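The same chain A turns up in both complexes below, where it pairs with chain B and then with chain C.
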Partner chain A sequence: MTVDHTNAPLLRVENLGLRHVSGASSTPILSQVSFDLGRGEILGIIGESGAGKSTIGNAILGLLAPEFQQTSGTVSFGGKAMDRMTAEERAALRGKRIAAVFQDHTASLDPLMSVGAQIEETCLALDTRLSRHQARARSIDLLARVGIAEPERRYGNYPHQFSGGQRQRIVIAIALAGAPDIIIADEPTSALDASVQKQVLDLIRDLVDETGVSVILITHDMGVISEITDRVLVMRKGKVVEADRTSVILDQPAHAYTKKLLAAVPRLRVTTGPPQTDGGSEIAADAPSGEGLRVPMHLVAEGVSKQFAPRGLVWGFGRRGESFGLRDVGIRLPRGTITGIVGESGSGKTTFGRILAGLDTAPSGRIIIDDQAYDVARSGRRSGLLGRVQMIFQDPSVSLNPRMTIEETLEESIRFGASARRQDSQANVASMMDRLGLARNLLARHPHQLSGGQKQRVCIARALLAEPELIVADEPTSALDVSVQAEIVTLLKETIAERAITMVFISHDLAIVQAMCSAVYIFKDGRVEDFGSSDFIFARSDNSYTRTLIEARPQRFTC
Partner chain B sequence: MKALILSALKKRRHGPALSAPRVLLATYILLAVAAPLIAPQNPYDPLQIYGWEASSPPGAAGGGGYLYLLGTDGLGRDIVSTILYGLRISLVVSITSSAAAALIGLTAGVSAAYFGKWVDVAIMRLVDLQLSLPTILVALIAIVTLGPGIDRIILALIIAQWATYARIARGVALSEVGKPYMDAARLMRLPTRRIIFRHLLPNSIAPAITLIPIEIGHAVALEATLSFLGLGVPIDKPSLGSAVANGFQYLLTGQYWISLFPGLALFGLIASINLVGEDVRRKLDPRNHAQ
Partner chain C sequence: MGMISAVLGRLSQAFLLLVAMSVIGFIGIHSVGNPVFNVVNIETATPEDIRGATIALGLDQPIWHQYVVFVDNVVRGNFGTSYIYHLPAFELLMSKLPATLELASIAMLIAAPLGTALGLVAGRRIGTLFDRTLLQASVSALSIPSFWLAMMLILVGALLTGWFPSGGRGTTAHLLGQDWSFLTANGLWHLVLPAMALAIPNIALIARLSRSGTIEVESLDFTRFCRAKGLSSRRILFRHTLPNISVPIVTIIGLQFGGMLAFAVVVESIFSWPGVGKLLIDSIQLLDRPVVMATLTFVAVAFVLLNALVDLFYAVLDPRVRLSS
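Take a look at the complex of A and B:
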């Protein structure tokens, strides 16, 4: 099928409405969604979870489950309505004219097939006239085009031999195999580290400029929107609340929801010039040793090393020649402060947090809390470290026992924990619920009846009810929607300050760390790469890796 | 429209509330419970048995005023009464042993997953050893070691069955142990007992629970087999299996009824338990609630 209606937009979605029907219940998913996609354009669709943004992509691709019923509207490609096409015509569009890139690059590739063969297979399926030799040549060409170095040599490699960013590039190469008119990219960079995310976004922008392909970019991240899109569709609860050019959305948002989304994006300050010192926060910055005499240290960890088996448990898991783990990591936490640990995935930050809490052991190293030393080689329960530090975990949906009510969960530490007090557990729980902004009628509910933000509040309440002096928060906001993230960060900061708790805040997001922490440690490949006060790290540190991390952030949200 | 048809088909597949196997199983249970009230004779009471009426054919009238509807066995016991009383023994033995085996197996499997290291090795190697032998062989060894008696046969069946539950529970528990809510429980320094029974066990048992109905059917068959081999319940308290065995030697002389009718009763019992059990398993299986 050829597309030659130069005046018609490449893709037009008009008044699209969808319902999810399951048994007797029927829930509206999309209503009155309309937009055009022009040639060589990147259209961003942004919204929080449940906004229906992925459903739009699936509807265009014709990948909706049978429970989804179209109630109104049309999707037309090249001026022809898709619901008037035969099944064969639609199948011919999919993959060839309209291709898809999904979030999970590991699941998108066959682990038992070399990447070259996977691209070649797609080329052959989409263009039956190609000889095997031509398909191979085209595959190598595609690998080169998405920025894989030495494509002839890497052609025969398997997905596990590539990094996450390279795998997503390969998925993009497969999407390009049929020289499509449209690529629908659903959260293509959400599973990638920040620095890699930027490279993949740059690649998409370059491909659009070179080949004239159009992209629908579905994301929850305003940063991604600000980096490469031309136009934006802001979605909320199945409706388009605002649609305009990206610059207009970013600079003059009209709708209150868009303003709220923009305001929720944490901003990074990289002010140069005179350092903003506010007394006590200037710790450990310029003099890594000897300053312990001035500031009382609450927790000191020294020489923590942990080596994982080089090949991992599963064959091919982890890249060869790279060792994951921790190498001689040390950290000093002044009492009553929040210290950030920043690093990309695999930098060992989570492992280190678990060792601090006594959940994991390490063969060497020691932790000193208030002059009491703990050997991290012994299990936390034996050495007594377990229980001195509480944790707040990343994903609240698996952090609460699904078979216990909120009340049972919260009362547990008071009534059965090592520091069991048994008195007034109900009153304690109730006042904690009030403090964290949780309605008391939630007490009788089970975790699955709560929203993500509510669950994370419950997790914070649980940690605080154990009356710890130290808390490790491991990416406590990454699994939450942007608007909820800000609330949780504020709440955490306030409650920690009220109780004078010392906290370690583990995150990959520099802006949140800057908002939370007085000191920052940057982890890379299991080592402390850079550390110092927050002001020093973000404004004055000349460590090249720290600069790379800061520069990888969207320019729009850095000031 | 398509979705409506699909959902209608799904409903149909679960079957109506009153399916034949369910009615049959309910009847069996009713009969077993009411056996002392409805059985014409108490086969355990020697005073009610007339030895000279041994091996009467079905329909024969007895001296005690009974009508031997299905005949009598080699000792003069009424076959109908033997089946009713035997049913009680078979059901009690199988249900008790399956429940106990599930409890023990689940606790062992979950503990293996939680403690890891040598506890895991010890429990799971024992499980491997047991599962590498045929179940009937394990039950035979157990009963030969333990001696005869209804309590012993329950014990033997527990020994034969716990390993299956342990293996399934361990697999599920291993993935649960790694979840943050388990870490949170450890950070609270909750007592180990509470972590296992309040946190880990309730979240690990779903797949193993779905096994119980099926395993009850196995237990009935296993008990009958042991009794048939003469290693099960005592001869004066016949279960269905030993009732079949009692008549086995008379088959060649044409007295088919002594073995046939208890055998049919056993067949119907196991079939109905398995069919209802499969139904229950499908309903309990969380994967079937996904949509």
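Take a look at the complex of A and C:
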């Protein structure tokens, strides 16, 4: 098939409607979706979960599950309607003319096949005239093109031997294998760390400029949109609410929903201003050396170290990989404050949080709460930390028991929480529900009947009802939609303050940490790289890693 | 160095297993009864005869002492002489091994590919007639007792139709100093029914594992990505799905094969197949202690070796195991 390079847009979606049919019920997923994609253009599609943005991508790729039925409209590629093509014609488009990049770089690659072989098989499938030798040469070219150093040497390596950013580059290389006209990138950077996200976005922009490929970039992140897209489609509940050039959407959004989305994006302040939170001066006012710690510490952790043992049987010799774990980590938490821990994946921040909560052990180190020392080498109940410290986890959909009603979950927290030790407990499920803005009729429901935001509120209620002195919140908002994130952050901050609970807030999002925390620790490779008051870290710290993290953020949302 | 420590760890585990097995086996067979009554003629023997036999067999010693003597002999490579057959126990075991080995191997050669293939196809077509039939059939195949299955095979395959012989090894041929049935057409003919009896439950087990593995792997992103990058669904099935589901399947194959070597007694008895399982049960009934101990030791060693093979397979298959450092 030849594509008309001049007149018709490369891809045209007109009045597309889709419904999801399962059994007797039928739910509309998309209605009246129309847009054009030109050559060499990056079109962003933004929306929250359930907006139907991924479904558009799958519809264009022809990868919709059979339960999805098209109700109206057409998708035409190069002037030819795709729903009039045979299954063979559509399959011939996949990979060759329309390629895909998915969110999860780990899951996108077959763990048992070397990356070279995975690129090679794609080249061979897309161009049957190629010899094995030629396919190999082309694969090495592709690896080099997406910025993998020493492509000949890395060719035979397996996916787990690459970092997350490199894996996503390899996925992009596979997408480029057939020299496609369109790449559909579904949340391509959501699973990546901030500094790597920027590199991958830059790579996509370069590829578009060099090769003239068009990209449909599906994301929930306004930051990504602001960095590289030319035009944006804002979607909500299966409908396009607004479509325009990116600069217009960012500067003069017309629709209220777009405005709300933009307003919900946390902004990072990097200029010194009046301290937004009090208590920031209590810890290490200026110097990261931590002088002037006058306020009594609620929790002090010292010298926590942990090395992760390699998994499984070891059949190879030598060759040490990346080292994970914690090396001599210490933090100090003043009573009643919120302290942030920031770091990329693999920096050890989650492990450290779990050790603080008594859910994990470390062979060396100690934790002192109110002058009482705990041995972190002992696990669970024996360490005594369980119960004194509560935890709020990242993904509320997997941290609630699906077989228990909300009421049972919360009652359990009261029964086995602080009130099990104290007689004067004031814990009350109903009043907690009211405080957290949860309707009381939710009590009889099971977790799957709640929205993500509701579930995370239940998780907060569960932690608070145990009446802990400390709470460790591990990325409590990153599994939630942007608009819900802001509510949860505010709620968490208020309820913590009301009860004078000390909190550790673990996150990779600098802006949320700035909004929440009076002091910040930056973790890198299992060590504390930088620490100090929030103002110090974001405005004045000259640690190069801290600066890298701040600069990797979308410029648009930093002020 | 990692490899050496892994091998050392494995060897010490194997050693502990052997010690534990031999103690349990020794005490077990000791408590079943006194073998001396199976050695002397109970009708005619005088008390002196019995005492003499007891002393000759070393049964007058305390059990710990008997165990020490047993271990001492085993270390020198001697499992003792069968009380019944008056042959060295180890030789007796080796003479039964070819029959069991060929039966178990052929059963597994049928079960593993067939079960995996059926599971792959069913996993690709969840909810179809084929899938539902396979699920139902596998439940039945796993729940019917093996003696009934064996007898039904004889009834249908031998008595009613006369297609296959109902028992025995048939003609054997000589190879490596042992007799093998699979080398002759008649012997192969005799292998069909007992091998089916052993294979059918394993087909069911492997098919279920393979089916659930296929469903899981094909729901992962990389299979979706493989489709998006333009691979044919055949290639995805054989080059991506199959390797990714094979770890649990190979584990089960290893365990089941070990089980067939030692405990295929029901099938071996019904088909008069003179194998290791039959030898073990007969020896226990006759309180032939040296043969029982030799067989149990062999079974333990076989399991250890099979598990080591399975681990080796993981390493060959999975680069994350192979290259972990």
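In the analysis below, the second predicted complex is superposed on the first by the 515 of 559 C-alpha atoms of A that agree within 3 Å, B and C clash if a C-alpha of one lies under 4 Å from a C-alpha of the other, contacts with A are read in each partner's own complex, and residues count from 1 in each chain.
Note that contacts are C-beta pairs under 8 Å (C-beta built on N, C-alpha and C of every residue); 3 or more make two chains touch, one makes a residue touch a chain.
Bear in mind that the values here come from a model prediction, so they are computed numbers and not experimental data.
Taking the superposition as given, does A:391 touch the first partner, chain B, the second, chain C, both, or neither?
In the superposition, A:391 contacts chain B only.
I'd like to know which partner A:149 touches here: chain B for first, chain C for second, both or neither.
neither
For A:87, decide between first (touching chain B), second (touching chain C), both and neither.
Touch status of A:87: no partner.
Figure out whether A:399 sits in contact with chain B (first) or chain C (second), or with both, or with neither.
Only chain B is touched by A:399; chain C is not.
Identify the partner contact of A:160: answer first if only chain B is touched, second if only chain C is, both if each is, neither if none is.
In the superposed model, A:160 contacts chain C only, not chain B.
Quick check on the complex: what are the chain B residues that touch chain A?
Against chain A, chain B makes touches at 2-4, 6-7, 179-181, 183-191, 194, 198-199, 202-203, 291.
Going by the contact rule at the top, pick out the chain A residues touching chain C in the complex.
Contacts found on chain A: 61, 63, 91-92, 94-96, 99-100, 102-104, 107-114, 121-122, 125-126, 158, 160-161, 171, 174-175, 177-178, 310-321.
Can you name the residues of chain A that touch chain B in the complex?
21-23, 66-67, 69, 354, 357-359, 380-381, 386-387, 389-391, 393-395, 398-404, 412-413, 416-419, 459, 462-463, 466
Would you mind writing out the residues of chain C in touch with chain A in their complex?
1-3, 5-6, 220-222, 224-232, 235, 239-240, 243-244, 311, 314-315, 317-325
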